[in-house]
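Naming follows writing order (A, B, C and D), and every chain is counted from residue 1.
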Amino acid sequence: MRILEGEGVSKHFGGLAALSNVDFHVDAGEIVGLIGPNGAGKTTLFNLVSAALTTKQGVIKFKGRKITGLKPHQICRMGLARTFQSVKIFGNMPALTNVYIGSLFGIPAGTPSAYAAKGAEELLEFVGLSASKVTPAKDLTLVNQKRVEVARALATKPELLLLDELMAGLNPTEVAQAMELVTKIRDRGITVFVIEHVMKAIMGVCDRIIVLHHGEKIAEGTPQEIANNRAVVEVYLGE
Amino acid sequence: MNSVASIVLNRSFQLGLLAVILIALATLPLHYQGYNIVRLLNIFMFVVLTVSWVIFSGSTGYMSLASAAFFGVGIYTSALLGDKLPIAVVVGIGALVSSCVAFLVGALTLRLRGIYFAIFTFGLVELIKHLTLWWEINMEDRRGRLVVYVENDIIFWVMLSILVATLLTAYFIRRSKWGLALQSIGENEEAAAHMGINVTLVKVITFAVSALFVGASGAIIATRWTYIDPGIAFNPLYSFMPVLMAIFGGMGRLLGPVIGAIAFTYLKEELGTEFPELYMLIFGIILIVAILYMPNGLVGLIQRLWIRGFRRQDADT
Amino acid sequence: MRRKLLILMVSCTMVLALAAPLFAAGCDEAEPEKEVIVFGAARPLTGPFAVYEEMAFGPIYKMWVDEVNARGGLYIEEYGKRLPIELKIYDDGSDMGTMTSMLERLILEDEVDFILPPASTAFLFAAAPIANKHGYILMGAEGGGTTLTPLLPSLPYYFGVLNYSDHYQMPVLADILSDAGIETAAIMYLEDLHGVEYSGVAGIELTNAGIDIVMTKSVPLGVMDVSSIINQAKTLGAEAFLSFCYPDENFLAIGTAIALDYNPDVFLTGPGANFAFFAGVFGPAAEGIMGYGAWNTKSSAASEDFYEKFIALYDPGLLDWWGHNLYYAGLQFFEQAIEEAGTLDQAVIREVMATSTFDTILGPTWFDMTADGEGGGLLAEECYTGQVGQWQNGVFEVVDPGANRTAPPVIPKPAWPAEE
Amino acid sequence: MVEFLNIFIGGLILGGIYALIAVGLSLQYGVARVLNISHGEFIMVGAFLTWAMYTFWGLNPLASLAIVGPAIFVVGFVLHRTLFTRLRTSSASPAAYEGGSLIATFGLMFIIQNLAIITWGTDIEAYSFLNTGVSIFGARFAANRLTMLLFAAGICVVFYLFLARTRLGKAIRAAAQDPETAGMMGVNIKRVLALCFGLGALMAGLAGSLLSMCYPIRTTMGLEYTIIAIIVVVLGGMGSIVGSFIGGLILGMVGSIVLYIDPSLSLVAYYFIFILLLLVRPTGILGK
């Protein structure tokens, strides 16, 4: 089943095309990677999917329903959550509250607060942060802030999770933990769409990879196929 | 000490104390007619303005300088309708009209951030002022209006009711899911939107709710001023004062702005009457010293001294 | 826990601090023997209206208090002795809310014996009902106007001193202009109470006198350029240019008229031209400019004395040829009424003021009360020393037709001085 | 033609005044991050110094620029080195500093105004200087206003060249872009910020000097000019010197046109444009 699909998605900033005519899809249960050099339009695509940006060109469908034109909060409540390339946490709130807010607002009917609080604790534990529940989020390390973001996104009970550069700036051990986390998320029945620069990680964890370059899709396939794709290798080596 | 503390901290004791204070205040005009009625109602008014400002701006981080616009709308409602309807109705209408203005303004402008929002709202006050002025002069061939006379004790009771409503609203918003949404918008608006919070709706409605109280207090205080015109009604002073008072008191918790407004109003009046020639100088120095040495406002300072005092006490025992 | 305790203690302290004066006020102390008479006022020491305190009523009431105290004070029969006057002045910061509160504070908390008026017409309007409610006599100083006239019957404690638009400046101006054969006039007015009122009254009075109003333009407070208005008046060839604004705009209008070489036969401005420093600012260009007023040292011997006393105390540039003699006369009247009443009871004094004639620097002075005598009053027309003034050879001459005139009006006014 | 010139040059003059009033504030907010509510007080002090020197010593107002400017610069510089530097280092975040400095400038406004009232009183002062007409292609203008325009333009050009061409100017612009990086690049950030604040005050002082030639002055007039300055700065884009100049000119032109059509609408028009622009282009005409 196609949980997310886009047809002819384009976005211009001023005269510059950040994305031109990109078709893509994500199937339920998959882990799909989105890669490409800096400025390829990866985050733009995520922003369009999550409605942080709007475009009139192209159609994006989530669970078969057209979502272009909806507001971010509506998309979130439909079951599509995301994290951010540069962390956007609620810095002065405790880590737990960050997650709690996700479960409180991210679900259409709303969650009874006691239940939401319990869920939040559980999710913090899931990302390995049960020790820092009351720490203000801004005092956490970058890794842990990213984990808070993941837990917060999970708290909205998504069916599809967009992870934007979860592993950037992490050391090898932390990358391994993050990879494990991504797999664990999928094991909870959540489809994952990731942007990643760490090649080793993305090759290891993804079922399928989409490659963007200068706003256009230049390749798509299994990690194996991508690794052997000439256009992709050129883009990366030619840099 | 401990037993006293436990009594003082007892919740029902606190509620009881609040009730006693409220009853004492509410019955005051029955046996007292002096100037303290006026002094108190001025203080109430500034507490209302400040707390209303904090309800929206304190948590979302959008610094609104529109208070004077909502206040002025209330004042004008009173001037236009004061002699036609009972005063309570007039106050209600003033509140609603202000709230509608805030709703419109909010819907239009809340995408402006930071200093731009502040300056926009400030420009708005001036625009409304000059439009009213232009309207009065060119369409009605007049300037200014006399406002219906109302007894001080009635004004006092109305203002007290507005104050109680404001404080209750602020308190419950702070403790509610809604307050959490506001706070997360202040922390990071984009993330809040992606967490399923309808940020536009939350902001606009809160803005409109906060304007309710400002408009209501404008409508009732206008009756004390007896004569108003656009320059008097839309005085930018009433935009700046709530901000100063909130920062002066400290915005961390609800008590900060309340104490800030009380202390500020009291201080300003006493200095203005004791040292009329020098009070601005003294006041300016107090502001600067406050901002240099009390980064968390008056409440922050008291807290620091308190904790220090406690430590010493602990060390003594 | 500590925090909550703290919050609670702080709030209790504040409540106590607020409550303390209430209880203090509740305890009646034994009335000490009366030693001074306190006059209180909320005046704009700061803010945009502060100029009034410095140049209008401010210097006059201070001067008067010093003079009375030099005589040993006011003799009050009730106490059988002279009581010196003490002033209690609060700053209203030019803010309406502060002014009304300060006024009530003076009356209710400080229990002053008498109040003096706040500055500006709008503030006077607001103060009059408050004073009346508490039964305090309010002698108006800088301000007055048509808006207040219909309220007079309900304000028995109000006594207006200053002359204004239909009381009787504009009718007199219309006479002067029609006598001189002026046929067209252009009006520029400020968008405020003063400007709207004057342009309205002038429109009626001048039209009745057969003068054609060829232009009426309003300007907002803070206008920074009036050349388009001056140019238009010039193009229309208006023989009289009337600027019903405050000094900022009036000075701008004169400067612009000079620069644009618009020299109408009559150039009249509202507040600004009536101050002595005006002649210093504009030098020879002040020649022939008219203003509200008016009095000068030629008006009477008493005026001459008053002038000498004033310049001995203050910068002569601060002198106001419109209101100063009226404010002073008002205070002289008030003083005599209090002594005549022999008590500090305002109701008694009010009756004396409403029914008596006293001698002041204006000569015999009395107030015209509303028809039934139950309302407030305005200074009688016969008491004024003049309604319109004109600068002639450095003197602000009274140019009204009739006995007040100190010099005939110079119409057309001399040309602006040649370029240096 | 004459009417067009009246409106056009009239607009230039007004625009020049507005630009001059605003440039200093733009620098103070754009670089030093202080939204200086006491800006108008510096204008007022400049105006009164010039008036006093003209009235008591007969000093030509244009010559007094050379005294007023440096004197006010020193005040601004010292204020920043003491008060604002301290505030900046003790503030938890840039936003907290902006809020704190706003309050501090409020305090300054009260202090300066009170001191001025003690010194000069609250009455209106004015003097006549170059109050004659000058004819340009048949349209007449006041000589003092044209002089003011010329000086305003000259001062703004010199100021712009200073920022664009000199080493110090480049350091200031670097600090405006990114104070931390500029600090690492060897720019003495404390001194540069203080310099900016001082220069902003200097521009305010000069504006006051020039204004006093054409308008009556009062010690209580400061806030009115601060408000105009804020509008112009926002219109032009915060921190952009050229933007302030353009913002001032636009406001002046609009003002001149509206004054021609219906003077009573001039302020309404200002605020209307201001609000419209903020809605359409919140960062101002030249803002980033």
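The rule is simple: a contact is a pair of C-beta atoms (placed from the backbone, for glycine too) under 8 Å apart; a residue touches a chain by one contact, two chains touch by 3 or more.
What you are looking at is a predicted structure, and each value in this text was computed from that prediction instead of being measured.
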Which chains end up together, and which apart, when subunit B is taken out? A | C, D
Where are there more C-beta contacts: C-D or A-B? C-D
Compare the CA centroid of subunit A with every other chain's and tell me the farthest one. C
Which chain is most central here if centres come from C-alpha coordinates alone? B
As a quick test, compute the distance in whole Å between the mean CA positions of subunit A and subunit C. 72
Can you compute the centre-to-centre distance for subunit C and subunit D, using the mean CA position of each chain? Integer Å is fine. 35
Intercentroid distance (Cα basis), subunit D paired with subunit A, Å: 48
Would you mind pulling out the distance in Å between where the CA atoms of subunit A average out and where those of subunit B do? 42
Send over the residues of subunit C in touch with two or more other chains. 45-46, 191, 218, 220
Shared-contact residues (touching 2 or more other chains) in subunit A: none
Residue numbers in subunit B touching two or more further chains are 130, 134, 137-138, 277, 279-280
Chains grouped in pairs wherever the two touch, ordered by label: A-B, B-C, B-D, C-D
In their complex, what parts of subunit C are in touch with subunit B? 1-12, 14-15, 18-19, 21-22, 25-26, 45-46, 89-91, 93, 95-98, 100-102, 104-105, 107-109, 122-123, 125-126, 128-130, 133, 147, 151, 191-193, 195-197, 200, 218, 220-221
Which residues of subunit D touch subunit B in their complex? 29, 35, 83, 86-87, 90-92, 95-96, 98-100, 102-104, 106-111, 113-115, 117-118, 223, 227, 230-231, 234, 238, 264-265, 267-268, 271-272, 274-275, 278-279, 282-283
Touching residues of subunit A toward subunit B in the complex: what are they? 50, 52, 71-73, 76-77, 81-82, 84, 88-93, 97, 100-102, 104-107, 110, 113, 152-153, 156
For the complex, which residues does subunit B have touching subunit A? 177, 180-181, 183-184, 187-188, 190-200
Can you list the residues on subunit B that touch subunit D in the complex? 61, 63, 108-109, 111-113, 115-116, 119-120, 122-124, 126-127, 130-131, 134, 137-138, 236, 240, 243-244, 247-248, 277-281, 283-288, 290-292, 295
